[in-house]
């Protein structure tokens, strides 16, 4: 159809071509359009106000890079058929459709035992049914059942196009320019060896920089203290709302948010009851943002205090340290809140939170980055690099934090 | 207080310094934080998916440029006292707080006879009262009552810092890179003559480019056909919702949106009844986005059809032409919708819209751009430029359009 | 050969692919490598110190854009065979090889009646002979003898890839960011109609902006007063050196520079005597820069004064005005120099210069920009644009200047 | 003087302000202007054709960043007087004036036992004498004799403004975008503790990234194999030319290049004989480039072969490995060249080269990066970072190479 808009402006990559009418239709699907109402970085936008970009843009960007990677791999003589190319482009385009509002926040609270990847899967299956099985190959690649394993690695692996896009994009929009990675250079160095993605030896420095930039983005942006505090606050708000709902309290909510607040929706229900997925597909950031503003005037002092503070960016204060040192302060704080707000200590627990953020930059065991030498041999990046040290890169960094309502 | 975060990351300008604790408090004010939930470009983000930036960022950026302009003007020996600097920085920071959801869309529909500038004014007065009159000077500059007229020009005029920021920022986020303007160069060329902002003669080419880039951004982004179609669709949705509400139909809405749907809120009410402003201050993009998704299942076929289409980006089709040619098609379309949806022709009118977009790049009469020569004389840019022609630049371009629901 | 480097890093476009081994060999040809020693912007680098980029980079960039344009045109269904693609890529790659040191400066002084285009032609013919006729098609396109006329337009015309590259590149390197053009967008809008390059109607605003940005770059960069003054100074230095040489004075010079200083090399000689082209092919910016530094200590007071001033950036002062007003000042200045330096008034003439810079943004007569409408009709941009006015755009702007040695 | 141009366009930082008339005069000094004829990256421009930027630009950029660092440090309450600010700005502006053509290449060949820092010092002293002692404070800071040691650290140390500029600038111009560093963020985190520059704790990740980016730039750009090969080739050319010169062979050369070719200029001579410095101050890239082109036709087969190859970018081939493995190949190669070119094996040595490139990212012993915690304590970055490991970062990486003329 000549009418379908084939080029999308993207501040990061210039122009993104939609590869086919089929992909255009996928982009126009309500499941996909929903991603335009979910921020890629969730609450990190409260720290980096420029970072308002959405999962829709990210998905388009990842598709764009995948198509560049395909061109690159084909230029090395590796066969990727048109069907396979379409399949992997479809899979990367849809890899995030199962994300809920504010990305990961809703997980583990309202949708208890089902991951966003599993929901993505359910949604892709639904679209597949609507489209008469046109997504079969994409699903096969997505679930890593397809014979050519490197195609799956393009969407999920140490060097997947998902990361290539989000690191560049998040760096661009947050203004943390030094988190920028050389995605174009890395893609130009990609090759395949034994059905695995590998990187030519002269790309070693770019890979090192990629790993370090990723680490920077984790601590500087994704796990920024203030973003973590905001996330815990939102967590507590939703948990309190859920508790009130299950006790029969009336809460303002859009019907779909209402559904998740007033039910315990398990994985089993998601699979068996189509209603769950239907409601999920109607949820986005706006339902929560709008409801929480209303909850700021709710009679429940716990819910209203948290909601009011959250809406007006009076976020939890957060301190980093070790757990032991938090105990005393927690006790004091709970007493303070209990007394000040005239609530039980149990209820006061909603005004504090603790936990651990952790990041390990590189895990060689599950999926490693292999460097390809001119003689055809390969080595893990940690062995190949004279600088990176597996023992350090794979060391899991953990930071314990405690956060609490401003007094 | 040493704890106040003084630097904000901005992808456009790098870092933005918050000039003082007072400005930090203004930024933390709920009225200002609300701007972080209102997109700068409203529905143009449906055309340019990168353009998700908010009015909050724009306001910070405009403040940043204003502080650079102050430095520049002082370096030419013009006195701007600390109080005046604070005043103009405050005024530019708050100049947009009166904007409603999706920027201009709500105006003229729900808030009928009051402009966003007037609401900004009401809000600034409210903050002024809360802050014991600390905004007096800012208000005086904002309303152009202050003796030094050039200070007002920094916030509102042909070369104000509002435009300097939004043109660069909208170009950056939309990816329409050729709409970029030389804001830094223009600011370096600013001077004052007879209490008016003027531009040094060697800045003529930058001013020409600024006017042309602004024109490009108007037609390419702000008045993009698809964005106009989306805006008219949202318009019709809200008008239908308002009509239904006034007839007593039940509609899902947050309490504050409810207030505006179920009342005719005039300027008089805004001024006399504090409730109006309170509700307005709680409205943002999320209330509309969330409600419209719910309305997609409303029993009213007109509201649900429009809301469903809007949410899933099945926007009005739009054609440009002259009014006469639209009449016949309109008639046909109304008949079609009336028949297809089994609704009255009156109701079918919600499925179409027509109007005119217009832009005139430069109006020399209300406020002109003056070029300063080395001999101290000044000339209007149209006289100074060998290329620009007043008759052309000030010619009002008007385009009539007609849009209608996809069949 | 697997050893040939196929990707070149380019700060403007990211990566540039060398399309084939044949083009790699052309790039490695001494004639082409010479371009890496000739600055694209000549003396404008004295005003914009960032603008040190070379004609080699520009040529690679123009080739890159041409290959994007070919992809675009093919996607519209226009046939461009592999041979034709190779031909036009070759032609654009080599279009500038005939440029002399400091670009245009040497023309009209030392090489009197032969243009750089004619020298490019001679060099391409020489390479063609060396390469057994592999450049035949490229030559045919270059000289506009090839049947498909639009191929020639890609290298020479109102919207050629030469301009697309140099405007973006010069804007990038000079830091005059507002001179940036939407080359990617314009290329995406290219089509062919009646064997002519045309631009889709929705690209009108980009074309307007392109014309205006080009105009900005002319006045802000290419014809910058200080750059013009530097160019006239270099002119006078070479003319004086040539005069001294023809009178038998000894001058330091590399053998190839020596050849042009001590002969009057006409077009006829260029064609008939291979020695001329050989020497020309060994000349670049370094020969002049190095020699002029040496001339700063030459016994001839005129040559040494000019050379010393030039080397140490004590450039001519320049004033813009009308010729009449210059006469009196010229007379005074000549007297002053004649007296101060104890030279004849004839010799003093080397210390002043006058002339006219002119630019007309758009000449519709020789080659126009045609806009293609959906109904298949075309219109000249001046008729299609509601803003541009042929009478204004095609008006030739002329500025008279006078420059003179600082006293 | 109101006529002095106070703003310089810079593609990296936008605009650079010249802080005072005094600094303007320094910039106009012939010694400083010479830097505009010396490429910052020397022969790396043969690999990265975009990297043509000069030492002049770099020096201006480093001055710009220093003035930002001064503003930052003052905002923390540290006193830096106007005189001290002027002194450190002067010192950083002039820190590179002693560099010879192609940066380091000439060192150790022609100027045997004097470093470019020592020549910078001699030149600054000369300017100081011309300017009646106005550079005294700058000299005192430059030589680290000034009481406030942190001022010297701004120009020479692990986090000096020299590196901050060159890493960003070289990344920008080479197009190796992932080598970009967060110079603005690092400067915002600078503080002083015990008269030492320190970085606030929240800047740790930026410092890690800075160290890694620097490492990337070393291996990807500064020590790029092809750049090293080119440098060795230039080395051998100059050594051969020097040898021929000392044997009385006639060589084309500008008088200043002639001086260094036909003398053994030691440090002693530099200090005692003003002629040496005068000649050095007239040397730049153009003298070598121009001469080597001429030498390509010299009767000496060694000099002409190398010069011809160099000029036409037929650079040495280079292999990385260990020394032992090179011995056999070297022997073979020497025999080949000796036979092919009919030269002695001694002469054939000019057609090969070997050596070692090494880089250690961080040496904690000479000057370390200290992190400042909120409690006022400081730690070395290696102790503060959970990722960086002193043993790894300070490990000296050495790579042995062998390069030889293409056959």
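Brief remarks follow.
Labels for the chains are A, B, C and D, by order of writing; each one numbers its residues from 1.
By our rule, a residue touches a chain if its C-beta (ideal position, glycine included) is under 8 Å from a C-beta of that chain, and two chains touch if they have at least 3 such contacts.
This is a predicted model, so every value here is computed, not measured.
Chain pair with the larger contact count among B-D and A-B is A-B, by C-beta pairs in contact. Over half of the residue-numbered contact pairs of A-C are shared by just one pair in B-D, C-D or B-C, which is B-D.
If you average the CA atoms of subunit A and of subunit B, the two centres end up 32 Å from each other. A straight line joining the Cα centres of subunit A and subunit D is 43 Å long.
We define each chain's centre as the mean of its Cα atoms; on that basis subunit B and subunit D are separated by 50 Å.
Residue positions of subunit B with contacts to 2 or more other chains are 14, 176, 185. On the subunit D side of its complex with subunit B, the touching residues are 7, 14-15, 184-185, 188. Contact residues of subunit B toward subunit C in the complex are 176-182, 185, 205-206, 208-210, 212-213, 215-216, 219-220, 361, 386-387, 389, 392-393, 395, 397. Only residues 8-12, 14, 28, 30, 33, 36-37, 39, 45-46, 48-50, 52-54, 56-57, 60, 172-177, 252, 254-256, 282, 284-287, 289-291, 293-294, 297, 311-314 of subunit A touch subunit B when the two sit together in their complex.
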